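The following blocks contain the structures, represented as structure tokens.
Both of the next two complexes hold chain A, though its partner changes from chain B to chain C.
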Partner chain A sequence: MMNAVQSGSVRTGEWESLAARQDARRARKNALLTSAFGAVGLATVLLVLGLVAAIAYHGAPTLSWEFLTQPPREGMSAGGVGPMILGSILLMVGAFLMATPLGVFGGVCLAEYGERSRLMRLMHASVAALAGTPPIVYGLFGLAIFVLKFKLGVSLLAGWLTLTLFCVPSIVLTTEAALKTVPAALIDGGLALGLSRWQTLWRIALPYALPGILTGIILSLGRAVGEATPVLFTASIYYTTAETTLGWETLRQPVANLPYYLAEGYRQPGVVPERLIWGACLTLILLTLLLNAGAILIRSRTRRRYLW
Partner chain B sequence: MVAAMTLPKQKVAMETVELSVSYNGKPALKRVSLAFPANAVTALIGPSGCGKSTLLRCLNRMNDRIPGVEITGKVMLNGEDIYARRVNLTRLRREVGMVFQKPNPFPMSIFENVALGPRLHYGLRGRALQEVVEDALRKAALWDEVKDELHKSGLALSGGQQQRLCIARMLAVQPRILLMDEPCSALDPISTQKIEELIVELGKQYTVIVVTHNLQQAARISHYTGFLMYGELVEWGETRQVFENPTRPETEDYIRGRFG
Partner chain C sequence: MWRIRLFDSLVQAATWVAGGLLLLTIVAVFYYLFAESQYAFQRKFPFGFRIALQPPDSEYRNEVSMDPTASLLATHREGTDALDDAEDATRLPSHEELSQMQALVTATAQTDDPRQLRPDALFRDCMRAPKRAEQGERFLLLAFALPHYTGNRMVLAWEPDVSFDPAYCPYELRLRLVRAPEGVQVKPLEIDLRRQPKGSLELPVWKARTQEEWLQGYLFELEARPTTTTTLATIQQFLMPDWAPTILYARFGMLPLLLATLLITLLAIGLAMPLGIAAAVYLSEQASPRIREWFKPILEILASIPTVVLGYFGVMLIAPALQQMFGEALQLSSGRGLLATALMMAVFILPTVISLSEDALRAVPNSLREGAEALGLTLAERVRLVLLPTAKSGLIAAGLLAIARVMGETMIVWILSDGTPTMPDFSSPAAALGTLVKPTRGIPDTIAIEMGNVEFESPHYGHLFLLGLTLFVLTLGINLLGFAYRKRAQVVL
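Take a look at the complex of A and B:
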């Protein structure tokens, strides 16, 4: 501060000391905030890690190839959770195949027409509300409409439809959000090249937004696969000892699945040994972790392809 | 009010007639009538907010999308008003290409950036497509730098290269008229020089219309110059005449650097 001069009531020699006081104040504040945020962040991470570690500790001894592939035996008191895993995967794949086109299309519509039309603004608000609706509501809706009204019965098909409804709102919202991150300059570039609006969307905006959209889909599925309530009254069966055979008739039959197995199994103490519950718990967590890992992989791969 | 400004014996590529633009009722361009000579470089200069970019973006209807915009008057191309009803925007933009102030390569490979247009507009594939891509990259003076890495992302290029990629992308669609909206203002001096040389070269085969806030640049690269102020076309003529012997005092003030 060599050239600072008198200004207002501050005298020439005073600037340095004023700045030093502010610097010290800033440093104190920085240190305080850094440690505060660090502590909160660490607590969150520890909480999650602790939870996973506890489940892994109790569940890992149960985990075996047999446990993952064999059906329960001896009145659910022994054996594995093979049918539950298969059922969960079946439910998820069906929901994925149905919810993805619907959700992405909805998100595209909202992103393209959202701001101009009042109808679309209303739709956005409705979808956002649906995304926050508790899963049990979807379960009851599915029971009333798909199971009873459409007479699908408690079946894989009814479960698919219910899970699809459950997944669509969040996929719509993440697709819309991902499309909104597409820089306007890229859209302008496409239009200036003479591409139609749909070509611009399809060729430029969607590829750009793809990592975000895929992440949204996978996270939504991850949530769906762990929820017991949407499939509670629509698709689930608890007592299975037979290996599931796949065929067209599977569509009309209920399926076992991990979250429902956990809920029911825990409610009937003494029947299902605790170690099986822990094992199933860990299996479910691993399944969702696998999905999330997939999401991260897809995202980094597409990003590398498009951006670096 | 300045009357339609044309020079005799110069073939006109595009022409605005009493073109006015307002954004939410605020006028941005006031009854501009201006003929752009074919196969020459025309520069549009003027202080910030004078409407030069607005004028440029009217020439391929890129202003249509802006909410609250109102456009009156005509823009004539091949004897047709491009603002007439039932004008095919794809056809218009195939003929009138555009590059922007900030390079905006698509997030895809260099080849794909250039191939996208000819593939969608002309259905080209394989060998024919490769030839068009190479030709466009050569015309944009980028081929030698990227010919061995056509599969690399367009975003991996430097700013100046990205801008030339955008020019190649535009040329690949086979336009006749090239609109450039301050194409060098985001670039360093060396890249700027390359783009300027490129514009001069392109001016021999294409009708080039360049918006620039850089007066020296306008003087270096253009055959004709239009000077806009407060949304009005103040002066238009051959570049040398506009710079050395302007007819209006506002032009003189601006060029001498008295304001703007």
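Take a look at the complex of A and C:
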């Protein structure tokens, strides 16, 4: 239409010129809007890079081997954040060990029986709701049940249980979603070979869905390790100048951890110098980035395995 | 063969156990949030008034609490039922001593039976333990002049104790004249202290010549009559507009916290949703696969940045900028406040919104895209006329999920809101701007801040659980709605 109008070989009547004007306007509007979409996308990327760069800029001078391994000294105003890092990792590993079986089998349960009964539909909805429940609510629940009712006290064990609860719903949902992506042909093939239903699940569906499941687990652990609120009242201690010793009694003791260190460091201004705060911020980000890198690696490694 | 069967049943058993545990968890979360909230309903309701008998020209007429001769009739929250009342009461000096110091006296006793009043057991103040809303309370107050008093009039003035607000008290509070001295003609008096918390009334002078005659003076009673049950009163107070759980006359009104949380959510979602959808459109419709492959991990990085760190980032960057913009005009001590919190919340939720919206847009079948393109629609028109309407359910689900996440996010509010419970005020543009930039406090950070130094299983603890329950019910509703929309999106496409 544009060409016809511009060539001039056709007498441009009123209708055509109107259409042309409208076309030009549409094109302008389109260009404006689409570049706006792109600009927002670009801005998001810049935002992320800016955030990470700013924190790296402030935190990098503090980062050193001593900072990462030494306990705080001189009433928290000097030294490193060794016990906090160790505590965060301890919390994460425990939550990983407990949440993984529960979450994966829960996901299998949903995928296998998902729409079959009213109970399972109810369960599906509740898990979805629990996955979006604020971490502070898990903190409250952990305080009420693990710390007070089970008399575990503010301890690593109570923190593990609370974090497990926090991680499980999202692991369940990602597992279920990953299992749903398994092609029916693979399942049918397995069944046709005479495998039982659970063997098909164990040997065929789960391996196929494994990258998705692993990614889900890692992402939810990454969220858990950076989240202060579930462990706020259940496992955390702020003031430590001693190195954490590992043993059975560690289970019953509160642990220092990075997010809580930062939260309290904010609440009690002037105790921990800003230098250390930024160092701890950067360390925490690096920890979560490491987990993320793992997830991305797993995804890109396993993506091509089942192409045929 | 038996090995296969054993293996089968093991996997099946594990599945069922996991499913059962999940169900149990869901029930337990509900149950324990409810169960711990019960401590809120064990609260007691304190009240307190200062009452003084003053000469008409008293300098303390409008500040009864400053009057050194004023009596304090109070039920404080600190008292327990077992507390010996005498320890908390100030004994009144003898007639001779008082005559030296002052001419007008109010006195009270620990009893609430006029027949048990004794001149040697009178006190300046009387403080008792607070009671539950079902139980009433009665204080007696004697008022008389000493022989040295020369004026011909005297004034009884009263005022709520400092930090006590009669609105936060479920009782019907009345100051009543029980008995006038012999030979004095006074009309019956009854004052509703809830409607008239502060005031004064003139009385004819009556002088007590001896300590024994004290008891024949004006006899007032301050009566707190129950009007409701503790449960109802607790709920009613929970909806009041002031949160001050640690003052002497504790107030547990969560309205400012709830409104702040809703306002932060509204602003953050209002900002993040359009931006997020725009970026999602770019990703799903315009970006080449290569760009998309780079974009997703970057989004995941943003999503994985711990909220504590986001909070610090806001303190470092956003708060100072806001301080520069509004600091002088509104006398802010820092840029931390509602707007800073909402901006950082938008950053926090942006990756979630983008990736969920992108999922929703990508679920739109390609046939629709191609059809729209074949009709000659530009990309912007395709988005507006085809993509967004088709992906509507998915986009709404994304928005609802984002709302629930923002509502419950704790650390950003904790660090950036500056922690003063403030009632939002939109009566004028200036007030609205003030509300936006001034310090505030939401529900989740209140729980996080106060749970650290609360006495377990106290009413305050119970109220924090009640706050948690409020948050849980709100987010649960939103999440379930989001779940329903997500299902619908799957059905439609």
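Just so it is clear, the second predicted complex is superposed on the first by the 267 of 308 C-alpha atoms of A that agree within 3 Å, B and C clash if a C-alpha of one lies under 4 Å from a C-alpha of the other, contacts with A are read in each partner's own complex, and residues count from 1 in each chain.
Rule of thumb we're sticking to: a contact is a pair of C-beta atoms (placed from the backbone, for glycine too) under 8 Å apart; a residue touches a chain by one contact, two chains touch by 3 or more.
Bear in mind the structure is a predicted one, so any value in this text is a computation, not a measurement.
Because the two structures share chain A, they can be overlaid on it, and in that overlay chain B and chain C fit beside each other without clashing. In the superposition on chain A, no contact is made by A:17 with either chain B or chain C. In the superposition on chain A, A:186 makes contact with chain B only, while chain C stays out of contact range. Judged by the touch definition given at the top, the superposed model places A:277 against chain C, while chain B stays out of reach. Once chain A of one complex is fitted onto chain A of the other, the partner contacts of A:64 are absent, as it touches neither chain B nor chain C.
Using the contact criterion defined above for the overlaid structures, shared-chain residue A:208 touches chain B, although it does not reach chain C. Shared-chain residue A:168: touches chain C; no touch with chain B. More residues of chain A are in touch with C than with the other of chain B and chain C. By the touch criterion defined above, A:263 reaches chain C but does not reach chain B. When the two complexes are overlaid on their common chain A, residue A:77 makes contact with neither chain B nor chain C. Our summary of the superposed model lists a minimum C-alpha distance of 8 Å between chain B and chain C.
Under the contact criterion defined above, the residues of chain A that touch both chain B in one complex and chain C in the other are 196, 199. Across the complex, chain B meets chain A through its residues 60, 62, 65, 89-94, 97-98, 100, 102, 104-108, 116-117, 120-121, 153, 155-156, 166, 169-170, 173.
Interface residues of chain C, counted against chain A in their complex, comprise 4-5, 7-8, 11-12, 14-19, 21-23, 25-26, 28-29, 32-33, 35-36, 275, 278-279, 281-283, 285-287, 295, 297-302, 304-313, 315-317, 347, 350-351, 354, 378-381, 383, 401, 404-405, 407-411, 414-415, 444, 447-449, 451-452, 456-457, 464-465, 468, 471-472, 475-476, 478-480, 482-483, 486. Chain A makes touch with chain B in their complex at residues 183, 185-186, 188-196, 199, 203-204, 207-208, 305-308. Put simply, chain A touches chain C in their complex at residues 26-27, 29-30, 32-34, 36-38, 40-41, 43-45, 47-49, 51-52, 54-55, 58, 101-106, 108-110, 112-113, 119-120, 123, 125-137, 139-141, 143-145, 148-149, 165, 168-169, 172, 196-199, 201-202, 219, 222-223, 225-229, 232-233, 259, 262-263, 266-267, 277-278, 281, 284-285, 288-289, 291-292, 295-296.
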